[in-house]
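As structure tokens, the structure follows; a few thoughts come after it.
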Amino acid sequence: MSPSFIWETFVTLLAGVPVTLQLTVVSVLAGIALALVLAVLRLSRSRLARLFVSTYVFAFRGSPMLVQIFLIYYGLGQFKSTLQDLHLWYLFRDPYFCVLLALSLNTAAYGCEIIRGGLQSVPAQQVEAGRACGMSGLLLFRRITMPIAVRNIVPIYGNEVILMVKGTALASTVTIMEITGIAAKLIAETYRAFEVFAAAGALYLLINFFLMRLIGLVERAMSPHSRRTQRPSEAVEAIATTH
Amino acid sequence: MTVMPAVSLCDIRKKFGHFEVLKGVSFDAREGDVISILGSSGSGKSTMLRCINMLEVPTSGTVSIHGELIETRVKSGSTAPANPRQVDRIRSEVAMVFQSFNLWSHMTILQNVIEAPVHVQRRPHKECIAEAEALLEKVGIADKRGSYPSELSGGQQQRAAIARALAQKPKVLLFDEPTSALDPELVGEVLTVMRALANEGRTMLVVTHEMGFAREVSDRILFLHKGQIEVDGRPDEIFTKGRNLQFDQFTSRVQ
Amino acid sequence: MIEYLILFGTGPDGWGDDLAVGAAITIAVAIAGFLLGAVFGSLVAWARLAGNLPLRLLGEGYTTVLRGIPDLLVIYLFYFGGSAALGAIMGLFGSQGFVALPSFAVGAAAIGVVSAAYQAEVFRASFNALSQGEMEAARAAGMHNSLMFRRIIVPQLLRHAIPGLGNVWLLVVKESALVSVTGLAELMRTTQLAAGSTRLPFDFYLAGALIYLVITIFSTLLFAQAERRSRRGFREAMR
């Protein structure tokens, strides 16, 4: 166990940080956008739309992310000629794109449930008070429902972002050199698994630490008063946590 | 020439599934009346109050506010308001104070009070703030204007809720058991505010368990039992024993 | 159509039986890992609840670290690190070269270590949710500790823990797919081999995904059953 080796490894691994962060940020943002669409669809009158969303959520939350990545990266290769005709092959043969797509689709499924949980956890009484003074429709949603829901959602979504950081490690299985990819290469070269693990682990924990701080800042910006440590509604957590 | 009653309920029935909560209630409230609505739990008193601003839609019967009938229609087996805009407009003129205050947790007290005037009634922002400050002063919590509901006691929250209701410049004030969720020591401060409002000549309909308030402040008392109005009269008239069996049983239990 | 029947059938060209075996191994390694995690997780939970300060900090450190590091990294650690350690030990006895650890054991151990962190949190939350009032009533009625533990505490702990454990189980099943990097012939690896061999990656990865979904459905139903049973008395009391 050599501290200097761990340090050197740590520095080497830093090269993977931009890739890890890029993958995380892009997939989370794309995921949120998609999750909003799904959440809206879920409230639609059309049974088909609602069925689509629940099937989508079930499919992506019930199967391993690795399978989802392989399905897109390797699986779609089976349709290479069709994709070439559609001039889309250049996208789908790029591992980076495939991983981004898989991660985004995956986090959108969890995000949809988080948003749903957040909306459900808005106290009905406060909504009723809004209706009682003459608010309805978009006004009611904009002034009452959404602000309260967002405050419940942010901490849980913060958790989801951290899970996404862990998810980016799977990109290493399709040749992308993010942190875990570089770590795997180092282990294969040096056989010093423990030390490389220590360095890589420390790096991930550091990233998580800063992310949690960031999310905490966002939370506090939304709730300027000193709220008692209010646990996000159990409803949101219960619905959102199967990862 | 007869003056339009402020609130007019005509043969209101309300069913929840198979259970009929209101079995045909009718009454008129004149402008300036302070009416206390009494009854044991399950008598339908809250439901009746909530029919006035359509938070519950009557299965049959009509509700009129200052002569304007609230239109309803039957849609896939249940009754719903026919004109949502009319309902929103009437709701902004009929303010409600809830048992659990229902202040909006993400807004300060001041923001709570100006919310409806600014966003529903679209009055100028500055004017609403000035009035809100005056109302908060009136109910005695001016210093809490920047606080959040979670930082106030129950009594303070309810007084804030009353200020919020008053900010709508309502024609009618509805109170749904305003003191039932309060610790006994805090009940007094809320009743004081309500007494002051009654003395100003406001039209108030109050569902309550506070017999003292009912006796001393109301112009009229309605007693509901199992979905029907059993007693409707002035306090000095109805508290004589022997008028109505259910009412006597109720008062002896409560006191 | 017939090609699919052959492809997924049990004949010599059919991958159906291999997939079934892969699924069985997936479930087996998941169960092994989950049970290891349950044992280790209870220890960590105990350390966090009842231990002195160093123990509590250690427990908290453990759960924070293992829930913040990618599972893949943990698997690499156990696989390469374990092999290296074993190789070093064997080296003492004079053997040379890379000694591969049995991938099932490695997989189960890695899964166990990670799921222990999650299970510890579930147990801790369950313990904190125990009703003080009920324990007081038990003591007032004269129950001694082990009786109270058996009749009051454990049933309540289970009732509160089952939903959380159900979530962790699903996590474990999905994590088992990562064990494929060690070469273990569980479902993911089998699917990979089939995809490569038949050059029909879409068909087989889709099939693999569907099988995982089936496992998920059954697991969810099972846990829902378990939850209903554990809440039996509770619900009646509420009526």
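As written, the chains take the letters A, B and C, and residue 1 is the first residue of each chain.
In this text, contacts are C-beta pairs under 8 Å (C-beta built on N, C-alpha and C of every residue); 3 or more make two chains touch, one makes a residue touch a chain.
Everything numeric here is computed off the predicted structure, so don't read it as measured data.
Contacts with subunit A and subunit C are shared by no chain at all. Chain centres here are C-alpha means, and the one lying farthest from subunit A is B.
Distances from each chain's CA mean to the overall CA mean are smallest for chain A. Averaged C-alpha coordinates put the centre of subunit A at 22 Å from the centre of subunit C.
Spacing of subunit A relative to subunit B, judged by their CA centroids, is 46 angstrom. Centre-to-centre separation of subunit B and subunit C, using mean CA positions: 55 Å. Residue ranges of subunit A in contact with subunit B, taken from their complex: 123, 125-126, 128-136, 139, 143-144, 147-148, 151, 223, 225, 227-228.
Contact residues of subunit C toward subunit A in the complex are 64-65, 68-74, 76-77, 79-81, 84, 163, 167, 170-171, 173-178, 180-181, 188, 191-192, 195, 199-203, 205-206, 208-209, 212-213, 216-217.
Here subunit B touches subunit A in the complex through residues 53, 55, 84, 87-92, 95-96, 98, 100, 102-106, 115-116, 119-121, 147-148, 150-151, 164-165, 168, going by the rule given at the top.
Note for the complex: subunit A touches subunit C at residues 58-59, 62-68, 70-71, 74-79, 162, 165-170, 172-173, 180, 183-184, 187-188, 191-194, 197, 200-201, 204-205, 208, 238, 241-243.
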